[in-house]
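You will see two complexes here that share subunit A, one where it goes with subunit B and one where it goes with subunit C.
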Partner chain A sequence: MDKTIEELHEMLKNGSVSSQELVNEAIKKSHEIQEKYNAFVTILDDAKETKVTDNLLSGIPFGIKDNYSTKDILSTGSSNTLKDYVPFYTATAVQNLLDAGAIPVNKTVLDEFGMGGTGTTGHTGIVKNPWDSTRMTAGSSAGSACAVAAGVYPYALGSDTGDSIRKPAAFCGIVGYKPTYGMISRYGLFPFASSLDHCGVLTRSVADAAIVTDTMKGIDEHDMTSWDSSDIHLYESLNREVKGKKLCYIKELCDIESYENPTDELKLHLENFKKSLEICSSLGIEIEAVSVDKKLLDALPSVYVAISCAEATSNMSNLTGIIFGPRGEGKNVMEMMMDHRTKGFSPLIKRRFVIGSYILQKENQERYFKNAQRVRRLLVDTWKKLFETYDAVILPVGSGPAKHLDGSKDILTKDTAALEEHLQIGNFGGFPSITIPSGFINKLPVALNITGNCYDDANILNIAYAMESKMPYKNQIAKEVNHE
Partner chain B sequence: MSKFTSELVDDLAAKLLIGLSHEENEMVLDEFAIIDENLSKVEDFENIKNIEPMTHCLDDFTFTLREDVASESIPIDEALKNCGKTEGREVEVPKVVGGEN
Partner chain C sequence: MSKYKAVIGLEMHCELKSNSKVFSSGRNSYNETPNDNIAAVDMAFPGTLPVVNKKCVRDALMMSMVLNCKQPEYMYFDRKNYYYPDLPKGYQITQMDAPVGIDGHIEIECNGKRIPIDIHDIHLEEDAASLDHYYDTSCIDYNRAGVPLLELVTEPCLHSAEEAVAFLEHMRSAYKYCDVSEADTKKGQIRCDVNVSIMEPDATEFGTRVEIKNINSFGNVYDAINYEIKRQSELKMQGRYDEVEQETRRFDEESGTTIRMRSKVDAIDYKYFVDPNLPKFKIDKKWLEEIKKEIPLLALERKDKYMQELDLSDYDAGVIVKEREYAEYFEECLDLGIDAKTASNWLTTQILGEINREEVNLKDFYLTPVLLKQIIDEIKNGTISSKQAKEIFYKAVEEKKEPKSFISSDMAQISNKEELEKVIISILEENQSQVEAYKNGKDNLFDYFVGQVMKNTRGKANPVVTKEILKEKLDK
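After this line comes the complex of A and B, so read on.
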């Protein structure tokens, strides 16, 4: 299972391995990884082989983030409010993979309902980073990132509302891709903030991300924001012909002089990023630095929290424990719902709901919600303006490698830098956005991100594909660092 | 605009049917203080009030509504499988009208 999808498909076709052998290996590995890193809510021990066809995904195991509905399979959203919930239908994106002959072998842990970025708030416990179990994976697609990095299978599904595919991919040394908003149907994905939610995939290579997305995507009558992408063929479009492409990076985020007291990790991270730009140049890609209003960048994290909390508060009002979910105790319906929600939600979720509710109060909407939506437009317009000149914006992911678990608070603090949160712009605008590994700091992986204009997914993936070919990190499997 | 106080946090939580501990209440206040500070600065942005709030990622998608004809809906017995207490085809709850409140 440490092979790419193309390699596994070839092996299945020539008979050197069977689908059932791959399934058995993925399940065995799932149990090992669960023991060490706690990546799964459910392991599907009775998963069976499928017929190998010309579809590249047929006969190959994969993982599903536990906020995708899967018929007759426990789907918890990593929340106690849905700890026993078994859907009676399957999410469209998952169904498309099943129809192609792909085989789910586990459901992966996430931050509760996707509302966190650490991998520490799922109801089954903390997911540990397979490169260093004292560090976080980031989130919310924590289990998916951990499992793919550890070599359980070549890909797992994720969802991304702020950076929930692309940040954990970076911290785990793999590829994380969220396509243009609506390319993949959200039907059956538990909603967090509907205007920002994207489906996507975590893989160990750009080609694998293209292959999986080609199968997951498509217009869906059950999701009115999905669109017809039948003329987009991501895998077929990969050709590494990137000479003459133009990329830009944001000076205010990438220059070390922008930071008053930079850590050694930040310095090394930005040096790594500059080396990645040299790789771009060697491919014939033009790179330019551009400047963006710092005030706008500084507003970004709060704008994200305001919009996402407001939408989440509304989306999750149906979690009452009455129609589904464990019943709360109480002598009337209101008390039962209160008990269910109080005991069921983690502290992080609760406080985000309260903030969302305050922001949505009629007297506060103008100052908080509408202003946040106005800044969202300003940021998106700024990026769209860049896309008139450049194929994509290239930036480092976060401020360094994975953070220590004991430092995890997942609270918005005053020193939260735009550098940590800039991937959220991809969600504000629905932009296609891919993270690829770009090197190591203290033996831990770091990454860069490429984000382009809506519907330009093939171009973005191709640039990432070309860069990946010039770096030695394609299809890497996590090797835990030795602390001795 | 109502001031964001500890009492208001508890009141909002109650309306959301969520109970908060004292520590959780304080964390809400701390986190919101940062949001408030940052979004206060937004009001200084030039012509901010003239900008149309952005509510969706894409402004160019089209969707044709289907014909208003009844189609297959959720099978009741399957929908009730995740319900804690049922009676026949219905969800069972404590008496609401005339019951104890």
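After this line comes the complex of A and C, so read on.
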């Protein structure tokens, strides 16, 4: 299970391993990982082998984030509001994988409904980082990142509203990819913020991300925002021919001089990033530094909060305990709904609902919601402008390695906010965006991100694929650090 | 009558006809079995997404054009957020920002007068589920959740209950003519909200507006408006107009009164915003033109045409255009060469009488215009009398057999002048005293002679020819 999809497929084909053996190993490993890191809501002990076909995913186990609707399988969104919810339909993206013969072996923990970036707010408890169990995986695709990094299977599904695939991938030393908005149908993905929600995948190699996305994607009559990508073949397009490609990075985020009191971690992280740029150059990729108005960058986190919270309050209004989820108690139906929601949601989510509700109020909409949308447009236009000249924007992910579960150990500096949150631009614009591991700081993985223009997924993956081949982190499995 | 001027605005919700619901694949049809017409989207199961029904958009655009509204360049939808047990998603998908039509105007007829109506907007939205309340339980039926609704909002331009109902009738007819809705109030397919205020006849500022929500029949709209005008007028006359509050009321059918629900101060903030799951799409100008071509001639336009071009009476034309199938039957008759007056007479009397009695739809009526023509032709040929024609009509309808099969040679009318003259002469000879009396001024005896001729010929005498000969003989 520590192999790539291509390798596993080859083994299945030549008979050196059977599909059932892979399933058994994945289930066994799931239990071990569950014990250590608490990555799963459900482990599907009765998962069965499938027929091995020419499809690269046939016969191979995978994991599903628990905010994908899976028929007859508990799907909780890691929330008490859906703690017993067993759907009667399967999300399109999952169905596409099932049709290809892929085998789900577990449902992974997330931050409640994807609304969190720590992996600590799921209703089944916190998910620990397999590189260092005192640290976070980040989130919200926490369980998926943990399981893939720990070698349970080659890939797991994630969803990404701000950076929910790409950040935990970074902190777990694996690949996290969200394609262009609408390339993968969202039908069956429990919504957080519909205009920002993306389906995607966490893997240990760029090729695996391409293989899985090729199968997950496709226009869907159930999702009006999905589009026809039948002429895009991501895996086939990987050829490492990147000579003459142009990338840019943003000075305001990547230059150490931009930070007043940089921590050692931040220094090391940015040095690591500069080294990655040298790898680009060695591949014949041109790199240029560009400047973006700091004010615009600093507005990022608030824009994200405004839009995502506003959409979330509305999206989650269906969670009343009337049709599904535990019935609340009360003298009348309004009280019952209130009881269900009061008991069901964590304080963090409630806080976001309050913010979202406030922002959507008639008297506040113009000032907060509409202005947030305007700044979103400005940011997207700025990035689109960059894509006129450059194939992609390359940036470091976060300000260093994974944070401690005990937050007191982390030194928080306010001026790294934009560095921590810039991945959200990928959601604002619906841009294809991939995170790949780029090295280690104190034996903990760090990563870089490549984000390109809409529909240019093949190009973005190919650049990542070329860089990955020049670095020793492809298909790495988490090795837990020792604490003395 | 109130001495004040009433100002009334209407919101008319009408369910559209379609195979599937407006944003889901759930069936859209009247269904007595609860929770039978539902798709996952209709119950807002997590992860489900709306997909707009193109046919509903087309129908909405058509009605927008019927109302002479402006259509938006882009079509998109908004979410209206509120919690209620009949609203599975916790929001209703509707149109706030860019309705399918704005700033329209039409002309309606009320008590024989044409009045202009200004339309604020018309928008496409989804219906909520329906609730049935019992002693200590309430049941939710999701059949209605997601059914396409068109909401039409007028400007406050109506001034009486009569006008309001005339407008609603006009629109119901338009929906049916355009074949976008059954527009059946009995099935709850039309529901109205009414805004009523009163003012001094010469005042320029509107009075305090009271909204009466969710009225389910035109009769109740009429009663609610009149009650509300009376209530507000009485308060105003007593100098207590400040007690008229900007509020939402409901109509209580049993007492015929309106009852306060909530003050405008407690109005819900629906936190509208554009639904990100339904991407904006540009409305193709060509598509609009195609839809426009498909708009049929509506009732009032047809009525004008029938009166001006075919010389029908206001009454007859009015009856014929009342339902689209009546007008279509009538026009089919014309196409077959039946004279307009004759077709109108048959349709408005025998045919409508029959279908109303039998409670059938004219579309399903056995005697099609082609079959009707068989009867009318025989009258024209003088083969049968109009009395016989009626008998044949009922026989044909009852036995579902072609009228032809009831017309035999022995039924033929006696139109032959010489033959009738013989009969008439003998009758006049046998009734000498009556002839005397008639000649001395007892005019009403004329009909007696006609009757005698009919009796003698067993009804076969052609009445026109008979009258002609009688006149000739008697007035000699």
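Assume the second predicted complex is superposed on the first by the 475 of 484 C-alpha atoms of A that agree within 3 Å, B and C clash if a C-alpha of one lies under 4 Å from a C-alpha of the other, contacts with A are read in each partner's own complex, and residues count from 1 in each chain.
What we mean here is this: a contact is a pair of C-beta atoms (placed from the backbone, for glycine too) under 8 Å apart; a residue touches a chain by one contact, two chains touch by 3 or more.
Everything numeric in this text was worked out from a predicted model, so none of it was measured.
Once the two complexes are laid over each other on the shared chain, residue contacts for A:H222 go to subunit C alone; subunit B is not touched. In the superposition on chain A, A:R186 makes contact with subunit C only, while subunit B stays out of contact range. By the touch criterion defined above, A:R377 lies against subunit B but remains apart from subunit C after alignment on the C-alpha atoms of chain A. With both structures placed on the common chain, the touch criterion links A:N14 to neither subunit B nor subunit C. Which of subunit B and subunit C touches more residues of subunit A: that partner is B.
Of the two partner chains placed by superposition, subunit B and subunit C are both touched by A:M334.
Touch criterion met: A:C454 reaches subunit B, while subunit C stays clear of it.
With both structures placed on the common chain, the touch criterion links A:F324 to subunit B and to subunit C. In the superposed model, A:N261 lies in contact with neither subunit B nor subunit C.
Once the two complexes are laid over each other on the shared chain, residue contacts for A:Y68 go to subunit C alone; subunit B is not touched. Across the superposed pair, subunit B and subunit C both touch subunit A at residues 85, 88, 195, 221, 224-225, 313, 317, 320, 322-324, 333-334, 337, 357, 361, 369. Those residues of subunit B that touch subunit A in the complex are listed here as 1-2, 4, 8-9, 12-13, 15-21, 23-24, 27-28, 30-32, 34-35, 37-39, 41-45, 48-49, 51-58, 61, 63, 66, 74-75, 78-79, 81-85, 91, 93-94, 96, 99-101. Within the complex formed with subunit A, the subunit C residues making contact are 40, 43-52, 79, 81, 83, 85, 88-91, 138, 140, 269, 271, 273, 275-279.
On the subunit A side of its complex with subunit B, the touching residues are 84-86, 88, 181-182, 195-196, 221, 224-225, 227, 295-296, 298-299, 301-303, 305-306, 313, 317, 320-327, 331-334, 336-338, 341-342, 345, 347, 350-351, 353-355, 357-358, 361, 363-364, 367-378, 380, 411-414, 416, 427-430, 454.
On the subunit A side of its complex with subunit C, the touching residues are 67-69, 75, 77, 82, 85, 87-89, 91, 186-191, 193-195, 221-225, 310-311, 313-314, 316-320, 322-324, 333-334, 337, 357, 360-362, 365, 369.
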